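Below is one structure, written out as structure tokens, with a few remarks after it.
Here the chain labels run A, B, C and D in written order, and each chain numbers its own residues starting at 1.
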Amino acid sequence: MADRLKVGVLGATGLVGQRFIQLLHDHPWFQLEVISASAEKAGMKYSEATRWIWSTPLPSSVADMRLCKLSPEKFKGLDIVFSALPSQIAGGFEEKLAKMGLTVVSNASPMRLEDDIPLVNPEINPEHLKLLEVQRRTRGWKGVIVKNPNCTTAILTLSLKPLLDEFGLKRVRVATMQALSGAGYRGVYSMDIMDNIIPFIKNEEDKVRDETRKILGSLKGERVKWLDIGVSATCCRVPVLEGHLEAVFVELEEKPSDLSEVIKVLETFEGLPQKLKLPTAPDKPIIVRSEVDRPQPRLDRMAYRGMAVTVGRIRWDEATENGLKYLVLGSNTIRGAAGAAVLIAELMKAKGII
Amino acid sequence: MADRLKVGVLGATGLVGQRFIQLLHDHPWFQLEVISASAEKAGMKYSEATRWIWSTPLPSSVADMRLCKLSPEKFKGLDIVFSALPSQIAGGFEEKLAKMGLTVVSNASPMRLEDDIPLVNPEINPEHLKLLEVQRRTRGWKGVIVKNPNCTTAILTLSLKPLLDEFGLKRVRVATMQALSGAGYRGVYSMDIMDNIIPFIKNEEDKVRDETRKILGSLKGERVKWLDIGVSATCCRVPVLEGHLEAVFVELEEKPSDLSEVIKVLETFEGLPQKLKLPTAPDKPIIVRSEVDRPQPRLDRMAYRGMAVTVGRIRWDEATENGLKYLVLGSNTIRGAAGAAVLIAELMKAKGII
Amino acid sequence: MADRLKVGVLGATGLVGQRFIQLLHDHPWFQLEVISASAEKAGMKYSEATRWIWSTPLPSSVADMRLCKLSPEKFKGLDIVFSALPSQIAGGFEEKLAKMGLTVVSNASPMRLEDDIPLVNPEINPEHLKLLEVQRRTRGWKGVIVKNPNCTTAILTLSLKPLLDEFGLKRVRVATMQALSGAGYRGVYSMDIMDNIIPFIKNEEDKVRDETRKILGSLKGERVKWLDIGVSATCCRVPVLEGHLEAVFVELEEKPSDLSEVIKVLETFEGLPQKLKLPTAPDKPIIVRSEVDRPQPRLDRMAYRGMAVTVGRIRWDEATENGLKYLVLGSNTIRGAAGAAVLIAELMKAKGII
Amino acid sequence: MADRLKVGVLGATGLVGQRFIQLLHDHPWFQLEVISASAEKAGMKYSEATRWIWSTPLPSSVADMRLCKLSPEKFKGLDIVFSALPSQIAGGFEEKLAKMGLTVVSNASPMRLEDDIPLVNPEINPEHLKLLEVQRRTRGWKGVIVKNPNCTTAILTLSLKPLLDEFGLKRVRVATMQALSGAGYRGVYSMDIMDNIIPFIKNEEDKVRDETRKILGSLKGERVKWLDIGVSATCCRVPVLEGHLEAVFVELEEKPSDLSEVIKVLETFEGLPQKLKLPTAPDKPIIVRSEVDRPQPRLDRMAYRGMAVTVGRIRWDEATENGLKYLVLGSNTIRGAAGAAVLIAELMKAKGII
């Protein structure tokens, strides 16, 4: 206990904030010390200020913690701050904390594409954390900022990485069916989505395109050379509470000998988090289901506590020679947000960066 | 009234059968004379035997009509029989009726790909009806069988046809979000689909691939030369009552000058049903919505009484040079089933084939 | 056309406002002249300012009408103003219009229980309109204010009135399952209601109790003597788009001879709107369904264009001697809001009050 | 391990059967030895034969167990058999097992109301187990049959018992909003329930009335004297996956001094399972929530692993003098089915009846 790192959460009452609470309240390496929310909730108990939305109960150890407001001095003395801030206010505040010397691991979208900001999906590109040296030097900060990817991208890239390594990638097209929780608690009115689909999510398709190329890119000197492939997305909101389902069409450089080779490559994939046996790492980052009708959001979103993605229906894409198609699903608020951030922090701790 | 054609409906109590009833009970050219269902319902009143599922009331003129069983003699003397039979029993019975001299317009999937069976989406390939001469000659039937396409394909091909004509098509990928009504009244258990998506619809992806190529193909001598393009689909069932939404990625032969050219080509598209002002034809077969978040199933599925498809979010597909992406939506039970069949019959009547 | 009354709508872009547009855009007696919304929408075209939510298209004659802001001078010269204002702002503004001489028929809750304000469900208590003489005299207004009931109450009281007249009422208990549209477009977040029920609707239970007793009360001199019965409600929000379903338990003064007598009393009930054949009046205000599983919101909410309520499952309530139980359903935005208001105005016109 | 009782499950692949698997696969007192299903699944592995529907994964220790068919010899040597058989086949088979000497704890409805069959909700009427002596004697069986209540009744009676003991009960009316899982996996078609409610559940209202009176009744000599109160229910199916919500109106013999007294009586209620600290017993059988909008199915159904019911919105019922109204919610497949049965078996073991 004594040597656990002290951590805080920004935006602790929102849906992703609640996931941070679930992951951190009894974390073996991290001690949750500070939780913050918007000014009007400052001073309130967490249980009073939060509309807890998940079926598992609000952790009792956090229920009586008091929320503080977003002012930098509240976070002094912490080792890590996890950010679930809305994008409009995230950028400035996270920078202040980094200047103060804190390690900020952030789910907020601003800065994700900047050259010296590591955008990390822990099983895929842990080496991008080396950018932090550049970041510190260039910006003159005592602390650092690391970003986890957009939810859709986090899930997608996990399925793409083994294919890239083994067969090479040329083009990726993806049509997404994204859960309500991805829009936040107030994000989608029921009158809009009952018996309906909304085929639009603001900025999402650009994020998928750009973040995918950066995450799958390789570190060249002091920056990441984005992967030179075409990525194109169509993003839809569907009446599902949690779990993004993505229909993926990929064109490979080389054709696999058969589909069982593809399955094997995906199933056996492991990253550094698995090798290091990080506390939040799933045993296997990718589960391949052989049933004809999987993955399904309600049944598969909590695989390995929401940290694994599930792939199914791997078939040839008849439209192209080296084409492959499949579906991939993951928990957007865990694997695609808070869980990825916590896994990044564990990775940094394990590698001695924090 | 006197010279209206006498028509019957096979499978009148199912969801597509109910749509036939809605379209035919007060049709200006057709007089509904015979309705049939499975043996255990024979003799019952339509209103007693049917679990009517649509919000508009069961037409009162049909409520007291008696259902007859599936025996050929019941259909003697009719001009047209519309079939909404389940695929397992459709083939044989429809052939019997055709032998007897009836014109069968069928929504059932068997035979759709056979060389002498016209598979017709009325705005797209009315000329394929010429196959009927071959069919009559080869099979020695007095009557004929015509098929309307699978629901997903009917909607998809309507959006593809103008693009094919103007820019040429190379490849089509589509991820579908299909409504519950497409599976029939008993097709999807609520325990499977609430807060969920099922990423599998039996045989659907093959139908989309093959039927699309046949419908967009051209009549060469005595058969249709299928369009030589790659078509690849991923089909999902979503918790929406009615209206299939399809995320389409197309590679064109030639790049349009700009997106407004694409919009114009789609919006101004017309087929023979529009030129002939057929009773069931939509004023415009394709509606293009300019809002960022359309088409939506609940809001757009009943456009022009369910007979038009709605296209939205037309963008370049960044993954390829001549790539385009968009969403298209249509009523699966009207445009994608009963409505297409009735429109085929109207076309045949207008052209003197019946 | 020349002698149609000029009407306006307050709060025209909300869900109930949209229903007013549907009912008034082609009304035989009323000419829609002015539509208004909140200040930031003033000057915009109706089609641009409105998130149209219903499946039937936005009426084209209204699409290009400009919204005006809520200032009294905009409504000068009108005969009737229908109000779908939010309750916080309704009271003051409606009074201003009444002072100016306008007839205000309002769906907003403030003032409903005041002694000189007629709260009218047209088939039940048209005679309460006589309170308008008192209102004019007491308040010194040139115009008047009439209120239609809360949605739940409008539907409930329609089913209670024939029972009261025939058998007498002692106590009414009701558990409601209320649709999302009753809360307005932004009223219920999808994260709250998917796979869920919210057993609370602010102030609703008090409204049902008090308004029911006032509507069923009798005019004594210059005020309404509320019906002296116990009324108790539990109100829940359910994941249904439209149509309030209510499980009713009543204790009668006298026991009906059998249930068929109850059915007859309900089915044959008629009010003044039916006798006067008012344009918006349903042929029958109460439909009794004999199927074991009706009424159902999706199938029955649009009965007689949403103006009739549907009663089903009429049984004895085994808990008491003279107990009866049944379910009643109606369109909350039509019968329970805009439709009731329009019907009141038609009644006033037919009786020469306007 | 050695002295754990050997148990089996009848109907192990259905929704309630799956709950039995969840509760029994790692039970401290019971060893799961035999699982059975319908003949066509006999011999299959559990994981192959089961459409697992819950979000938590199918227990790995059961995945490879083979299903056996429903023949009595398969169950020889077991101590307890839990039955989740469909009611049409339950009666006869359960009797055979009881004759053979087995203890059958059954969720199936047949026989529940017979005089010598204990119908037990463990916190309420454990003393009814004394009927087993009568049962054995009268029927001449070596084994016994015990029944747990219908799901709705199990939840309702738990909330009624403390009120009965403290204030006396006169009448109970309840309107239920019941989850899809209560109808079984194939019980409700999605086309029927999306955007809808079905206000009918076959036989349910009679079960609630009769079982409530029997469970709350008192043992007089060799039979249970049913509680002499009026009970009346209206039962509806709502689009919620799991968790029955019930709006209850009760008339008490004596009026509580205030509502806080009612809350205290409910909150402090304990039964024998709590005193004996049975493994499956919830710490508290009744949770009272003070928020205005609880209980809610999605948030409260898993309270104490689905074994507690949650009560909220306790108010006076204004329709009567001693009236009280509130909502109660519980997991229909756990507290209302498999969990109640397992708790009964634990109680019997703890009391030395098995």
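By our rule, a contact is a pair of C-beta atoms (placed from the backbone, for glycine too) under 8 Å apart; a residue touches a chain by one contact, two chains touch by 3 or more.
It should be emphasised that the depicted structure is a prediction, and the values quoted were computed from it without experimental measurement.
Taking the mean Cα position of each chain as its centre, C sits at the greatest distance from subunit A.
Between the chain pairs A-D and A-C, more C-beta pairs are in contact across A-C. Put simply, the C-alpha centre of subunit A and that of subunit D have 41 angstrom between them. Rounded to whole angstrom units, the spacing between the C-alpha centres of subunit A and subunit C is 48.
Under the contact definition stated at the top, the residues of subunit B that touch 2 or more other chains are 53, 194-195, 239-241, 298-299. Those residues of subunit A lying in contact with subunit D across their complex are 52-53, 55-57, 194-195, 298-299, 301-303. Per the touch definition, subunit B reaches subunit D in the complex via residues 15, 53, 180-181, 185-195, 239-241. If you check the complex, the residues on subunit C that touch subunit D are 171-173, 175, 177, 194-200, 209, 230-232, 234, 236, 238-241, 245, 247, 249, 292-299, 312-313, 317-320, 323, 325, 327.
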